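The same chain A turns up in both complexes below, where it pairs with chain B and then with chain C.
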Partner chain A sequence: MHISEGVLSAPELGVGALLTVVGLGIGLRRMDYERLPEVAILSSVFFVASLIHVPIGPSAAHLVLTGLCGTLLGWMAFPAIFVGLSLQAILFGFGGVTTLGINTFNMAFPAVILGMLLRHFLNSSNYKFRIAVEFVAGSGSILISGLLVALCLVIALGQSMRAAAQVVVLAHVPVMIIEGLITVFVIEFIRKVRPEML
Partner chain B sequence: MKEKIPSKKIKIVGLIKLTVFIFCLSSFVDTSMVFAHKVNVFAFVQGNSLVVEGYFSGKSRARDCLVKVFDSSGTMILECKTDSQGTCVFDLGNISPDIKSVKVSLEAEMGHKAEYTVELKDQGSNLSKAASNESKMEDPAPTTGNDNKDQARDIPLNPDALIQTFNAMMDKKLDPLYKMLGNQEKLLLEQSMAGPKMTEIIGGIGWIVGIAGIAAFFMSKKRKSTR
Partner chain C sequence: MEMEELAVGKSWVHGIDPRLKIVIMLVFSILVALNNNIHVVTASLLLSILLIVTARLDVRFMLRRLGMVNGFILFLWFFMPFTASGENIYSLGPIDIKREGVHQALLITIKSNAIVMMGITMLGTSSVFSLIHAMSHLYVPDKIVHLFFFCFRYIHVINDEYQRLKNAMRMRGFRPRTNMHTYKSYSYLVGMLLIRSFDRSRRILQAMKCRGFRNKFYILHHYEMKKFDYAVAFSSVAFAVFILVLN
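Then we have the complex of A and B:
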């Protein structure tokens, strides 16, 4: 998910940075004093989740949890993810400082859009439907983020969209399932302990 | 309407089935490439070859990645794809002896890219000479008195040829040292690629708490002024 430096062209990086600035502006305007700890906690969750690798079978993957951030924070997911990505870039060299804009947009935008679309259904009385919505919020964000990354690479490197999307979808399937399940568990847990957050 | 909650037994069986399903699925899909944070490349000269090794963070090998070798002017001189071990070997015999250093670039899927510069002036050129003289200097280490006499007879008296032979002999002797130094560098690289340590992760959380604290400070000031 972290696009490295030197891969994308300057216009792409510029557009990514601009879109992220817009997202950050909306997110910061909506952030109030009461919700600041929630944003900080989810930023920490995002920062830590994507650093701990979980072995699955012969391979390994890590969580991203952008779907959870988008569902719980809405537009405030932009500053939360931006802070997490900035620290990863500065402290560990993941991604890069110049790609911070495009990386933030690729991860935060799908989460925000899906969160906004699905948030209304989170309090549905139909248990199975609610679980399905939570699962889609978690796994869908990964899928759309991956497709956005593929699109960036198609524009920058001239790869075919079909090949790039195939790599993304195939490789992300196990992680999409895990991410969806964790989002379901976390939201259901929050429903029990802090239902006012939903 | 009361929600239908499945029994504990069904839930556990379901979870086990799901875990097995994800495990099987991941056996067919390699997620290391897309979920690695960054790719690293290491290259060294071995004999008359340039060996390039690619790793993702977490030490998994960068398989089937495009490796390009550029000279100092930025012209691509060699290209290949890494094998199942994340390795790519180039023959340095075909490149110009004027090239003193090369830049190795490894491109992985999903926008991962890394570069590494290798100096050829101290290793490659001399080693290529060593390789060319290999027929003369088979194995200088375990020699007997008679062998030494035979070798001494083989050494030409021409000063240039003598220097060349001497260099070749030195390179042959120093070859294990080159490899050892290369391995040391590789070990250091692997250490740095092992991923962030727990202390660094906690440090990062500390940064987030600090940033939230600063934001809270300014927001509280704003709240006071609006009251």
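Then we have the complex of A and C:
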């Protein structure tokens, strides 16, 4: 979920921007020019995937797939997600320049951390354990992102936003489950078809 | 996919140097986002609207886009007027509407829309490639500029591929529902997109190497600030000073 412009105050925006600059710095350092086309083009895939709406009961949600992005790209997911969010802001007006820092951090940080932690277990021979790990990478990224957004709202607008913050987290629950499932299926698919990508 | 449809046009806003547009949008966003004076913020909103009108942008298109962007703001309106502390302005049974909450929600709504409108007017009226080119002049790191360039260049290609796969699924009778089959099918669609793109990126890298790519794009066309751009820059500075003084 993008936090809109005008909601947060200077300290949060500043801290968000700073953290994102650090994340971008690490990500860019890890990404040499050999891997640049790969990161950029996977970033376009994640952009296009965010236009796919999957049905959840009577409603629908668009794919986010930050967990998958973190699993495939590690720290390089930071610049990939940053570029995706910037293009969404430029092309569709979602989010904006002052919230770009905090929004990138909220989405990329959980994905990178979970992706980095769980990547080591992806080649485990224990099938059930592996599936569980993939599910956690997908759903956990969404959960932590949701918690971070809720936290930002409470810090910016005060304790009175507690109810709204709870709704934000609850709204992430169905998306979390779908994202977990889809992450599992996508990674298992890649394992079968193009294992060198993992 | 709707994108860049405002970029063609001949108004004065379309003619501003893209570098200047990015700087104006940045400064405007920061000044408005950090301002808590409702009069100043409203003046900024009016300025944004004035720019949209004089840039002769499609108003209906603009409203549609603002409608999408205001989802989050609408969500806040469901909470802020009721959960704030302080003075009541209206009681509706057990629900109190607080002055402080309404004020804060209104402030956020105006700020957010002012910034989004300015963003669409400034950035939407340039092609994305010219903005990326402008970024390289504004000291954005080379790798980021390259990422933007490649990412945007291939969004269209990948979207075409997505549409093709989607049509193929539809022709085989796929209908999305809330079930495992649907999620699995979408996952395989995404997986296929990722794998094809991964292979494509390998080919691109090889093609670039064959052509002697040395980690640098050589820019042949350079921007030049014209008198008109200086006039725009001067008025923007004047407006910025106006906001800061009023604060």
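Definition applied: the second predicted complex is superposed on the first by the 185 of 198 C-alpha atoms of A that agree within 3 Å, B and C clash if a C-alpha of one lies under 4 Å from a C-alpha of the other, contacts with A are read in each partner's own complex, and residues count from 1 in each chain.
The rule we apply is simple: a contact is a pair of C-beta atoms (placed from the backbone, for glycine too) under 8 Å apart; a residue touches a chain by one contact, two chains touch by 3 or more.
These figures come from a predicted structure and were not determined experimentally.
Because the two structures share chain A, they can be overlaid on it, and in that overlay chain B clashes with chain C. In the superposed pair of complexes, A:Leu51 makes contact with chain B and with chain C alike.
By the touch criterion defined above, A:Ile142 reaches neither chain B nor chain C. Of the two partner chains, chain B is the only one that A:His62 touches; chain C does not reach it. Of the two partner chains placed by superposition, only chain B is touched by A:Ser125; chain C is not.
When the two structures are aligned on the shared chain, A:Val133 is found in touch with neither chain B nor chain C.
By the document's definition of touching, of the two partners only chain C reaches A:Val193; chain B does not.
Of the two partner chains placed by superposition, chain B and chain C are both touched by A:Tyr33. By the touch criterion stated above, A:Gly84 is placed in contact with chain B and with chain C alike. Residue contacts after overlaying the shared chain place A:Ala111 against neither chain B nor chain C. Of the two partners chain B and chain C, more residues of chain A are touched by C. Residue overlap on chain A between its contacts with chain B in one complex and with chain C in the other: 1-8, 31, 33, 36-37, 39-40, 43-44, 47-48, 51-52, 56-57, 83-84, 87, 91-94, 167, 178, 181. Contact residues on chain A toward chain C in their complex (touch as defined above): 1-10, 13, 24, 28, 31, 33-34, 36-45, 47-49, 51-52, 54-57, 63, 65, 72, 79-80, 82-84, 86-87, 89-94, 96-99, 157-158, 160-164, 167, 178, 181-182, 184-186, 189-190, 193-194, 197.
Across the interface of their complex, chain B is touched by residues 1-8, 31-33, 36-37, 39-40, 43-44, 47-48, 50-53, 56-62, 83-84, 87-88, 91-95, 125, 127, 146, 149-150, 152-153, 156, 167-168, 170-175, 177-178, 181 of chain A. Against chain A, the residues of chain C that register as touching in their complex are 1, 3-4, 25-26, 29-30, 32-34, 65-66, 68-69, 72-73, 75-76, 78-80, 83-85, 101, 104, 107-112, 114-116, 119-120, 123-124, 128, 131, 141, 143-144, 146-152, 154-155, 157-159, 162, 176-178, 180, 182-184, 186-195, 197-202, 204-205, 208, 215. By the touch criterion given at the top, residues 1, 3-5, 18, 22-27, 29-35, 37-39, 57-58, 60, 107, 109-115, 195-196, 200-201, 203-205, 207-209, 211-212, 215-216, 219-220, 223 of chain B touch chain A in their complex.
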